[in-house]
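Letters A, B, C and D mark the chains as written, and numbering starts fresh at 1 in each.
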Amino acid sequence: MNDASTTTGELKARVLAFAQERDWEQFHAPKNLSMALAAEAAELMEHFLWVTPEASRDVTADPAKRAKIAEELADIVIYALEFANIAGLDVATIIAAKMEANARKYPVEKARGRADKYTEL
Amino acid sequence: MNDASTTTGELKARVLAFAQERDWEQFHAPKNLSMALAAEAAELMEHFLWVTPEASRDVTADPAKRAKIAEELADIVIYALEFANIAGLDVATIIAAKMEANARKYPVEKARGRADKYTEL
Amino acid sequence: MNDASTTTGELKARVLAFAQERDWEQFHAPKNLSMALAAEAAELMEHFLWVTPEASRDVTADPAKRAKIAEELADIVIYALEFANIAGLDVATIIAAKMEANARKYPVEKARGRADKYTEL
Amino acid sequence: MNDASTTTGELKARVLAFAQERDWEQFHAPKNLSMALAAEAAELMEHFLWVTPEASRDVTADPAKRAKIAEELADIVIYALEFANIAGLDVATIIAAKMEANARKYPVEKARGRADKYTEL
């Protein structure tokens, strides 16, 4: 199982099966899943609280921390996929749509090298 | 582009190309991406602040709100994929590993129908 | 030290002294403090992920959990006060201003018993 | 109303009265308030996503942004105080207790000038 050969559909199915086997869909209301997602995102963030952005690149390269960071990121994506399962959303479709909208908001010629919000470009 | 036919590798490549075209990799330090992820997760959560978990299922079914919710979820997954790009992580691999660990922590016979943390099962 | 007799100024001074004694002001940039605040808010939220709002009232009443929850809430307020210290903000003043703005956005006659956003009242 | 003369008890009473006048206590379950707190913390964080920690000090000094940042911080403290109201917690007491615990975990001689977690000092 790797990114070159695994579809988002396969990952979603695996996450759904895990929840169904445990009869956890009753807990997986969108409200609860959104909280779990935010909580996992915060756990990822905790690895970088007091370092500079540049130094945070070294943190992800550190072998011991890298394993923990990979777990936090996995948790985030797992909950995002389960949210998609429960809400009946196609992840690839909504990403494609969002990236087209982003491309209109952030045209290359205006946005290149700038971190400003599109309303300030 | 849909979940049945799109690999996580294809989505990652698309997200990376978007950032590279805009010379945004300089801003995409792990620290900054983890903040953006947490901020997007919070925006998703805002749709469900004051409703019960059960009522939150209706919120995701409401057509007007559904479109906004899909965008927030897309933003979360986009930032998660870009984090994986920058940190050099294979999303399918780390999800598979995390789900195997979760299966050991939450064996079906113990965890069925229970929302308790594995330390309390 | 209790809420009846302690000013926000006294709490702010205590938090600032703690940071200064440890030469921690160098780490307490607004960006970093905002991340720490969000991370602590997520830790508080983790106590309530899978329960209903009504059941969450019992969680805060449970003696063992209550102590942990009190610590998470303390962490949030400590970081909020330190953010105010670093940014030079008067907490009582900005709360008074925000509550006046909220009172205009949510007049009693319109907002009574409703959780809708002011734009939807 | 300012930090030199306002007690946390006075602020809590003001926040509680606002909720009671609108019959909002029914929505203010700990679960919901913890989500609102995390959502507001994320809004504060959004002002600093792509800047360095050092540059974030300038953001809080910028007059236009300063007003917005003050509002986000006010929202955080308001929800923290309302959480304390609903859970029956004395904010000054729990802060004092947490800071004593922190002082034991981070003794000045060990922690001075270091951002490491106490487990790594």
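In the analysis below, contacts are C-beta pairs under 8 Å (C-beta built on N, C-alpha and C of every residue); 3 or more make two chains touch, one makes a residue touch a chain.
All values reported here derive from a predicted model rather than from experimental measurement.
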Report which interface contains more C-beta contacts, comparing A-B against A-C. A-B
For chain A versus chain D, which are copies of one sequence, does the interface use mostly the same residue numbers on each side, meaning over half shared, or is it different? same
Between chain B and chain A, distance of the C-alpha-averaged centres to the nearest whole Å: 3
Cα centroid separation between chain A and chain C, in whole Å? 27
Counting only residues that touch at least two other chains, what does the list for chain B look like? 27, 32, 35, 38, 41-42, 45, 48-53, 115
Chain B partner contacts - residues on chain A that touch it in the complex: 1-9, 11-12, 14-15, 18, 21-24, 26-27, 29-32, 34-35, 37-38, 40-42, 44-45, 47-48, 51-54, 56-57, 59-60, 66, 69-71, 73-78, 80, 83-84, 86-99, 101-103, 106, 108, 111-113, 115
Over in the complex, which chain D residues touch chain B? Could you list them? 27, 32, 35-36, 38-39, 41-43, 45-46, 48-50
Residues of chain C touching chain B in their complex? 35, 38, 42, 49-53, 115
